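In the two assemblies presented below, chain A is common to both, partnered first by chain B and then by chain C.
On to the complex of A and B.
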């Protein structure tokens, strides 16, 4: 009798491992981020710039929200619109949780990107996105500290292009850099990571 | 029946806990921490070409900062770089590219031509060990001082006070290890070993193995 019970228990254990183990492990396993995780012990460098609505805004003003920084420019022919479209789609996928996310685009072309132009450009993607403008020196410093390279092509006349790093940086609610998304990350993957950070 | 189910679940949880403990204790995979973003930069190399951090994306880069007139008792971090350069020439890192990068903060004196002669004196024969300098002292201070968090200060005699530092950056532009002279003795063996650990992660952290590497990061299985 006792042996039979033990056999049933062993059989059940195997069944649990086979049938229930995978979903349980899937539910409890740590989230695998699509972006590159950073465990920085230092807060993200703070900065203050002007929004497309003309207000001064510091990164630290957004503490408590998940902030996504993207460096681009409105004359950008392909990389910027592609990236911003994915982020707009990710915001839609997040649903109500997106209200706790602030996507920010900092221009790397301050000579041509006025606040008005940046605001109108971002509204095409998602009216909740904020554009930031500043002086050449302010933007150069911030981009440097966030590892963002940019360089103006001098050979294009007035219609010049600007080479720039196309990664996006996610800063958590406590103000620490948490994730770096490479160019080409799909909206579904972005939303999956952000939903986990907002859980 | 219910008791058997409870036992089964308890056994499953127990197995998971034991597996997690075994991973932490045995550390089958070791990694280097992802410390913070390395700063961006655009500098001139010893050939006078513009070179940027973006040109080195995808490569492991070991940085140090100095100036060409640095002579003993000036600490000469390029002595350590030279030893690492020689060791890496014989190391098997698969197809993972590694670049050593010496950045001069002496904008006024260290022209590309001066850097070229300096590089030749250290035996840096190719772009596996690059030398570069900025043109704008203020921007360079932002890169080295604020971004890499390295102290340097010009003196009245034209020389510099500075802390010798070696900073290891991965192909994503993330700082993975810092060797600061005043806190850690620069150790060629350790730096070369860490470059190997990073190269292994680059080569192996794909597909299902990526989960194991992420677990190593999660459980802080850091290479000593």
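On to the complex of A and C.
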């Protein structure tokens, strides 16, 4: 009789430990990033462009926030809306933490993407997203700094397409490039990585 | 008794006619399209993409050669391809999209799609956009694109 009581007590203790221990162990487990982790020895290169609302904005103005850079264009029917939809969904998944995230789309098609057009386009996905416009030279220089390639296709007439690197770059609160997300990364994975960076 | 007989005859005739109609439709239609959708997009987005699965139940391969929609000023068949450098390239598909005999082809995000250009209006969630696909052998296939998030 006594041994049975002891056994039950021991079992209960194990159960309680398991229930309580699991979240603790989970918190101690290192985070596995979904995006590609970048170890930057230097802060992300600073630049200044014009927002869709017409203000000059430098990357350094956003220090203290998690900044996501995406290079795209509004005429892009497949890749850009897909990527922006996932980021909009990731922002919703992040809840209040999303207030510390700034998603930025820099146009790779400054000839067609006016500030106004880019603003209306991004508002459709998430009104918190900022669109940046600039001259052909300014954008080409910044894209090169971030390892982004883009090339306009002259054969399409006025409906031309622009090939472009479809990755998204996450810059941490201290201004260092931390993660690169490939095209097709799901909102759940993005939100998981961002929530960890904002912990 | 007489009234019952009078009733049976027309009912039988109608049933026969219906069966005949269905039979001919199933026999002549080798192309079916499933899960046709597109993303909601604002008016300022001048282009949009339509995705779907095209099945060919016929014994011969067929080819989607073009598409048209009253919602688009211009419609092309396109493919997004990621090159070795991780750059997304998008190109018109030369010669159309082949649908193998007894097989299917999937038009999907980051791959083959129908590109709607000179979009005439905003695509709102829940909207249904008419689209006609032109096939080399099966001819025209009319369908609706459901506008939804994913």
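Please note the rule applied: the second predicted complex is superposed on the first by the 173 of 199 C-alpha atoms of A that agree within 3 Å, B and C clash if a C-alpha of one lies under 4 Å from a C-alpha of the other, contacts with A are read in each partner's own complex, and residues count from 1 in each chain.
We take it that contacts are C-beta pairs under 8 Å (C-beta built on N, C-alpha and C of every residue); 3 or more make two chains touch, one makes a residue touch a chain.
From a predicted model like this one, the values you see are computed outputs, not experimental measurements.
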(message) Tell me which partner touches more residues of chain A in the superposed arrangement, chain B or chain C.
(response) B
(message) Tell me the contact category for A:183 with respect to chain B and chain C: first, second, both or neither.
(response) second
(request) Considering only the touch criterion stated at the top, classify A:157 as touching first (chain B), second (chain C), both, or neither. (result) neither
(message) Looking at A:81 after the superposition, I want to know if it touches chain B, chain C, both of them or none. Which is it: first, second, both, neither?
(response) second
(message) Once chain A of both complexes is superposed, is A:96 in touch with chain B (first), chain C (second), both, or neither?
(response) neither
(message) So in the superposed three-chain picture, is A:123 touching just chain B, just chain C, both, or none of them (first/second/both/neither)?
(response) second
(request) Would you sort A:165 into first (chain B), second (chain C), both or neither based on which partner it touches? (result) both
(message) On the A-aligned overlay, A:149 touches which partner chain: chain B = first, chain C = second, or both, or neither?
(response) both
(request) Kindly list the residues of chain A that each of chain B and chain C touches, one partner per complex. (result) 149-151, 163, 165
(message) For the complex, give me every residue of chain B touching chain A.
(response) 1, 4-5, 7-9, 11-12, 16, 33-42, 50, 52-54, 139, 142-143, 146-147, 172-174, 210-211, 214-215, 217-218
(message) Quick check: in the complex, which residue numbers of chain A touch chain B?
(response) 5, 8-9, 12-13, 15-17, 20-21, 24-25, 28, 30, 32-33, 36-42, 45, 140-141, 143-151, 163, 165, 169, 177, 180
(request) Show which residues of chain A lie in contact with chain C when the two form their complex. (result) 74-79, 81-82, 85, 117, 120-121, 123-124, 149-151, 159, 161, 163-167, 182-184
(request) Write out the stretch or stretches of chain C touching chain A in their complex. (result) 39-49, 74, 78, 80, 82-83, 85-91, 109-110, 113, 115-118, 149-150
